[in-house]
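Sharing a structure below in structure tokens format, with a few things to ask.
Naming follows writing order (A, B, C, D, E and F), and every chain is counted from residue 1.
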Amino acid sequence: MTHHGETHVIDASQVPRFAGVPTFMRLPLASSAEGYDVVFTGIPYDGGTTNRSGARHGPREMRNASSMMRQVNANGIAPYQSLNVADIGDCPVNPFNVTECLDMITAHYAAIAAAGAVPITAGGDHLVSLPILRGLAAERPVGLIHFDSHTDTGDAYFGKNRYTHGTPFRRAVEEGLIDSSRTLQIGLRGSLYSPTDYDFAREAGFRLILMDEAVDLGPDGIIRAIRERVGDGPVYVSFDIDCLDPSVAPGTGTPEAGGFLMREAQKMVRGLNGLDIIGADVVEVSPPFDVGGITSLAGATMMFELLCAVAAGEKA
Amino acid sequence: MTHHGETHVIDASQVPRFAGVPTFMRLPLASSAEGYDVVFTGIPYDGGTTNRSGARHGPREMRNASSMMRQVNANGIAPYQSLNVADIGDCPVNPFNVTECLDMITAHYAAIAAAGAVPITAGGDHLVSLPILRGLAAERPVGLIHFDSHTDTGDAYFGKNRYTHGTPFRRAVEEGLIDSSRTLQIGLRGSLYSPTDYDFAREAGFRLILMDEAVDLGPDGIIRAIRERVGDGPVYVSFDIDCLDPSVAPGTGTPEAGGFLMREAQKMVRGLNGLDIIGADVVEVSPPFDVGGITSLAGATMMFELLCAVAAGEKA
Amino acid sequence: MTHHGETHVIDASQVPRFAGVPTFMRLPLASSAEGYDVVFTGIPYDGGTTNRSGARHGPREMRNASSMMRQVNANGIAPYQSLNVADIGDCPVNPFNVTECLDMITAHYAAIAAAGAVPITAGGDHLVSLPILRGLAAERPVGLIHFDSHTDTGDAYFGKNRYTHGTPFRRAVEEGLIDSSRTLQIGLRGSLYSPTDYDFAREAGFRLILMDEAVDLGPDGIIRAIRERVGDGPVYVSFDIDCLDPSVAPGTGTPEAGGFLMREAQKMVRGLNGLDIIGADVVEVSPPFDVGGITSLAGATMMFELLCAVAAGEKA
Amino acid sequence: MTHHGETHVIDASQVPRFAGVPTFMRLPLASSAEGYDVVFTGIPYDGGTTNRSGARHGPREMRNASSMMRQVNANGIAPYQSLNVADIGDCPVNPFNVTECLDMITAHYAAIAAAGAVPITAGGDHLVSLPILRGLAAERPVGLIHFDSHTDTGDAYFGKNRYTHGTPFRRAVEEGLIDSSRTLQIGLRGSLYSPTDYDFAREAGFRLILMDEAVDLGPDGIIRAIRERVGDGPVYVSFDIDCLDPSVAPGTGTPEAGGFLMREAQKMVRGLNGLDIIGADVVEVSPPFDVGGITSLAGATMMFELLCAVAAGEKA
Amino acid sequence: MTHHGETHVIDASQVPRFAGVPTFMRLPLASSAEGYDVVFTGIPYDGGTTNRSGARHGPREMRNASSMMRQVNANGIAPYQSLNVADIGDCPVNPFNVTECLDMITAHYAAIAAAGAVPITAGGDHLVSLPILRGLAAERPVGLIHFDSHTDTGDAYFGKNRYTHGTPFRRAVEEGLIDSSRTLQIGLRGSLYSPTDYDFAREAGFRLILMDEAVDLGPDGIIRAIRERVGDGPVYVSFDIDCLDPSVAPGTGTPEAGGFLMREAQKMVRGLNGLDIIGADVVEVSPPFDVGGITSLAGATMMFELLCAVAAGEKA
Amino acid sequence: MTHHGETHVIDASQVPRFAGVPTFMRLPLASSAEGYDVVFTGIPYDGGTTNRSGARHGPREMRNASSMMRQVNANGIAPYQSLNVADIGDCPVNPFNVTECLDMITAHYAAIAAAGAVPITAGGDHLVSLPILRGLAAERPVGLIHFDSHTDTGDAYFGKNRYTHGTPFRRAVEEGLIDSSRTLQIGLRGSLYSPTDYDFAREAGFRLILMDEAVDLGPDGIIRAIRERVGDGPVYVSFDIDCLDPSVAPGTGTPEAGGFLMREAQKMVRGLNGLDIIGADVVEVSPPFDVGGITSLAGATMMFELLCAVAAGEKA
């Protein structure tokens, strides 16, 4: 444990990357968010998964891969120069009780919000975004920038189960956590259960950018669409790793052919610089299905880029 | 679907093993157990897993591997000559509702029992043995031959969760499904949460054969211990793949160093010939953690040997 | 087995994807093509492979991966609403006798054609396209849309062996099965045995789109080139998985650097909507060389997109 | 190429094992067997495989793994001190023509025999043992020490195909190449197509040591059985890697649960010291199904032990 | 960081194993050995490796796997009840300067010894045992119980390089760090560079137990041999993971066929109970060559068993 | 060994690719560069690696993969028609002594230069480019075309270690081996240790093309930038495989998200036709981290394209 507020990243040119207990980005491990501007944390929960589970192992393997990150991104943003940042460990979870688990996660994020820190989360499956939003957006709905191959706005699975990784954003709308008029879903492309699958999101007023349109717009066009829509207000960023192509991110529960390249994803997130990001997550990294650790590395890289986007916002 | 009661195994010397939709042992796919002596079925459920999940994929991959089985085992038992056998597909499950799922499984096995068939099951995690026993042993407790590195007689995990893959046999004792005096647990060796972990099983009256004793007894000694204890009454056989050494069965959720070799496991199961086996399962095969398919192959092989043991009993 | 003509796809929001015996797209398993508009079938044969074999395992693993497909593609095409579709199992093969095997395949497809169904095939190596065409195009040559990194118009390998996965389309020309003036080969790029390797295809009158040109044209330009060339007549689509980049489809026998991305492949196949497709195949998926199942998933995805293209044609 | 008769193994304490083009045991690459006492050679052919192919890649990967071998075995035998040894490259093969290929192999071994060298072969599937014996035993039948989980004495597969990896030793008996009274098959255990599968071998007069008996005898007992049976006459040793347990040798086409450990296999082969070994092979190593290269390493290790057994015989 | 002297292992029945930053055995992370009875530490160094490197990643992956360990071993030893134990992180290393690195390691262990703690180390390649011994045995030579397939008593590699993973115990003898008369090497079996490879160890007076003898003695016989030889004096235990069979521990730099099973290794180490163990290491775990994490799990398991052996000694 | 000056590539349509000892491109293995126009050679050295090692295995696995190359590239260049080419085996190395090793490499390349041959090298880590340049550019500085995600112009690592894979091009500038005004670095994108990381390269006068600019320029724009800068003078090409995206080349020590696709890399190298290339390397292929061999295949493919670029230059 470190004294709160201290930021010291281990320098890989002095201490090799393979050394030591892996915290996110080789940051100090703190016991709470108090005193920090940004905190990394994990939610090792995949109880909302409808098909291939394993995202419970995501935080550990993204921590492991994050040792590859250095201190300045390719655009020259040096987040540790302007921000106090720490790894505050994993959120407590209960693998067997979704209701209790949602409450545990909500409490964890409410405490982070109360401390005034911006959380960047490693999931876990996509259900975790719901209790994160409950913790962060309790007082007013926030904008949502959602990268995914699925809308995750289903109603229920396998009967009446309403809390799954296919349903968080319908719940978030219903609970008034997100502002639909300031919400985008980017990279949609998975095959559908029925022709009406997109109806909820469309009727709610989301801006849907299907993959074909995303390719036509290119990263620059998507950035413009995002900035135009979310404006200056508070915004949450949710990055489902399955927005990437399965060749880039095979280690995920519901891979969908035809997704983004990493350089596109990086460019899009770098385009968020200056927005009022109140939190962000990288979810659905499932290490048991990964090959060569490339998905965990992609996830850790996106977490670092999200930190840089937050840092850029701080400067702005 | 076939007409009930028909048994026809595809001959791999005529149709290559890699051809066709994989059913268990390349048997016909039937819609119910009616008319069959033995049925293979799967339970794609791992909602009771405390650590590494993935056993939900067990039935599918054990079916795939089971194409390697031919028609006569190495001891000369030719089960299809004396038994009508089919694959009846998977038991319906609900990944998100353990209570409902336990009931679905119980009903599936009650129907098999009502049809007079002996079920051989591919799990799923070890929790599934509880509802199987509810379905098969509703009228009287049965003996239990349990191969495992853990007793699975815990009380609750992560709070008050009493239905997990670490607790089925405590529940089975409490519910009067198994006859403790005719129960053995073979291969126990995992490290323990506390020095009292074995107390429940011992106080219940189980015969515990820890791994050290198992090595000293050898397969022949273990067979003697089993036969002496279970006698002529009805007995259920539960084979947790983690009784095998992790080098033999890496694809499992809770591997424990120092387990059985396959040739020992095969010999032990062949030693059950002539017992009154009312059902059997092979559980905890977790394909996402497997390497080279060897765990699925081990699981499929044990399913075939269990069929041969049942067939030998029929003859007796 | 189902009654012929019945189409019922299992809904993954009700029955988990990992459950059950895997048929193509979780469709009913039928015993023949009678009564169906489109049938999926496999040819587990790789006896024509000159280097790394394994495509014999393609049908089984593409079936497994195809559980990931839902019922409507990203363009809104819902094939099961307009078409009766089934999995009719695998074509019989003889791994040791190429002549006999070619005849078995021809007969299988002649029967499908006689039933009036459109077959979508999972290979097998590329040699299988020859007997498929013999079965489907016996009465008149058809157009060919061929995605591949190789022309597969060699004459003979290892002496006088004329029936290999490097030679099917030379044979098809010689046998009058394809109309060269309505034939395109798209994505060619593999290094060549000699500077004359493309001569046969060029002299036959094929339209060759080498990879450099393919990148310049983009999917839209390629679609235009295809539609212009094949027109309204009957056309067969052959999709060799090695047209994709090895990062996207590592599990193939002859990977060639520098290929298509999946989103490009999907867009190109979606551009075939409205053509008179008489059959299609996805070949050269070799599971033993795959990593993380991404090649099988790519193959299953292309099979679904081909079905949607056929369905779009039906509507037109 | 080296001058014939020269033996120089690269010393891994001077030149790292990972350096250089991999020949068997880092021996010189010679153009023929002339002048050598023992030659290593490969047969990259798996056209006789009934299920999972890939043994065509066996010679290359066993060469690669063989760099791990040093110059003296654990029993103190230093083969290069008494024998001139070389790698003579691979036997020419035709993947598409079994008849021609058998002739090519026969000629390759006849030339080795004519040069007076003992060949140690890396297969290839088990069919290759037949033409090897045709080349080496043309003048008189030889004894056979055969380690395998299958007898490989089937008659025909998939119709009338008589030359497969399941039939070589029936053919060898029929052609008078092996002396049944001096033949043993050790480690048999695979499930059978029919109860009569062992009849041919038994009627021919082979000594069959099924796995259960093998475990009871132990390596020492098996060595005694071997030596008693084969006596002083010429003997061929065929080591099918699937005699090992699938945990030890997963990379093979037809793995069978319950096999030998490597230390047992090593001890058995070391027990052959002093026999008149005229040739030996290690077959059925299938690298595409291997994990972590352990099967190739096991194969290369057995090749080195076979060399030591030959060297011990030279001394005797 | 914890207050020194505090021991609290996270209970996997309350907090799932996959949660949190992985320290050894989920112990507190301390900044020094002060106040602890036993400390776990890592040495991420493999600069002494002659062939396949990667042991630099050993500490991290053994920490990861060690979450599978609970609190009591199968023999009922509960180390945390009698000992204060912590993870003190990794020893500083310099990957590019062996001399400096040896000094860094020596200092790390001298500090541990000065604190009165017993270190259990995760390597790193086997060279690390030399500076560990320099740190722990500076004042008097200690006995050595060395499990390995190699003696590691070479003199120099690739010229005059005397500090490699093949030479530590020759250096240790030369430097007076180990008492040859109280030293055993157990499991030796690798092929040799020359017939004289064992001469140094034999002449120094080590007791060599080659694998053949080890199998004959069995774990009980080996325990007797160890206890007889090392007596009551201080002893260091060095466990090279390559003493295990490659099927059990594929993830190592120099695998040698024919090694120990894990249950044998566990029994041997449990037989050390009551000895005066001053330190222990598990070395040569090379994660890049591992499959399915089984080697890291084996390593973590041995570290836990070594802790239990130390705890048993404390009690004695 | 062949007579010097002989070029004969094995034709994969006559001899299968999986057959024989793998030399680069199936070329003859020569004992020196005398008489050849171009030689392939390997440097199995990774002692300069700061993080994940394994590039020592690069030459062997790139040789293995290079059997997939045929004789003419997709642009119609047939290098063996105009050039005498051979594989001259690996450069001698000393894994434990960087100074000595650098000298050994320098001497190897000085000899190649003296023979008048152009070397195409398989690394090894990137440090090897320094002694290659010492051997080739001793008399005058050369232009450098450097594809990489890192500048490799650091000063020292882990203290004062100046010879690492992160520092070769700073040393090359200091030693006058490269002409900064004719040097480009293409694909830079890795996160940085500090905001000043690019200062050395910029101050030296290199042209830096960061990834964002590279995507904007496209391969054609990059080719123009290269040709404009290097002109007609002698130029060395260094291709670090980590310039490719981690999905394309996972098997490398320092993967960086967001890199080139292979088709872009191929097009860029084909754009070098006609330049005065005095040598080229493909470095940082690390087989232990590869999946499915795709990185080795990418490396071998780039080596073949580099040969074609040299051949095109010869013609010009």
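The rule we apply is simple: contacts are C-beta pairs under 8 Å (C-beta built on N, C-alpha and C of every residue); 3 or more make two chains touch, one makes a residue touch a chain.
Just so you know, these numbers come straight off a predicted model, no measurement behind them.
Colleague: Starting at subunit B, how many touching-chain steps does it take at least to reach subunit E?
Modeller: Step count on the best path from subunit B to subunit E: 1.
Colleague: Quick one: compare the interface residues of subunit B with those of subunit C and tell me same or different, with half as the dividing line.
Modeller: Both copies, subunit B as well as subunit C, present the same residues to each other, with over half of the numbers appearing on both sides.
Colleague: Looking at B-C, A-E or B-D, which pair matches B-E on over half of its contact pairs by residue number?
Modeller: From the options B-C, A-E or B-D, the copy of B-E is B-D.
Colleague: I'd like to verify one number: the distance from the centre of subunit A to the centre of subunit B, where each centre is the average of its C-alpha atoms, in whole angstrom.
Modeller: The mean C-alpha positions of subunit A and subunit B differ by 40 Å.
Colleague: Find the geometric centre of each of subunit C and subunit F from their Cα atoms only, then give the gap between the two centres in Å, rounded to an integer.
Modeller: Their C-alpha centroids are separated by 38 Å.
Colleague: Where in subunit F do residues touch two or more of the other chains?
Modeller: In subunit F, 16, 18, 50, 52, 56-57, 95, 157-158, 245, 247, 261, 289, 291-292 touch at least two other chains.
Colleague: Strictly by the criterion at the top, what is the full list of touching chain pairs?
Modeller: Final set of chain pairs in contact is A-B, A-C, A-E, A-F, B-C, B-D, B-E, C-D, C-F, D-E, D-F, E-F.
Colleague: What residues on subunit C touch subunit F, complex-wise?
Modeller: 50-52, 154, 157-158, 166, 188-195, 197, 210-212, 215, 245-247, 250-251, 254-255, 257-259, 261, 289-292
Colleague: Under the definition above, what is the set of subunit A residues touching subunit B in their complex?
Modeller: 46-47, 49-50, 52-54, 56-57, 94-98, 100, 157-159, 161, 164, 288-289
Colleague: Quick one: in the complex, what on subunit C touches subunit B?
Modeller: Per the stated touch rule, the residues are 1, 15-16, 18-23, 29, 42, 44, 56-57, 59-60, 63-64, 87, 89-90, 92-93, 95.
Colleague: Flag every residue of subunit D that touches subunit E in the complex, lowest number first.
Modeller: It comes out as residues 11-14, 16-18, 68-76, 78, 245, 247-248, 261-263, 266-267, 291-294, 297-298, 301, 304.
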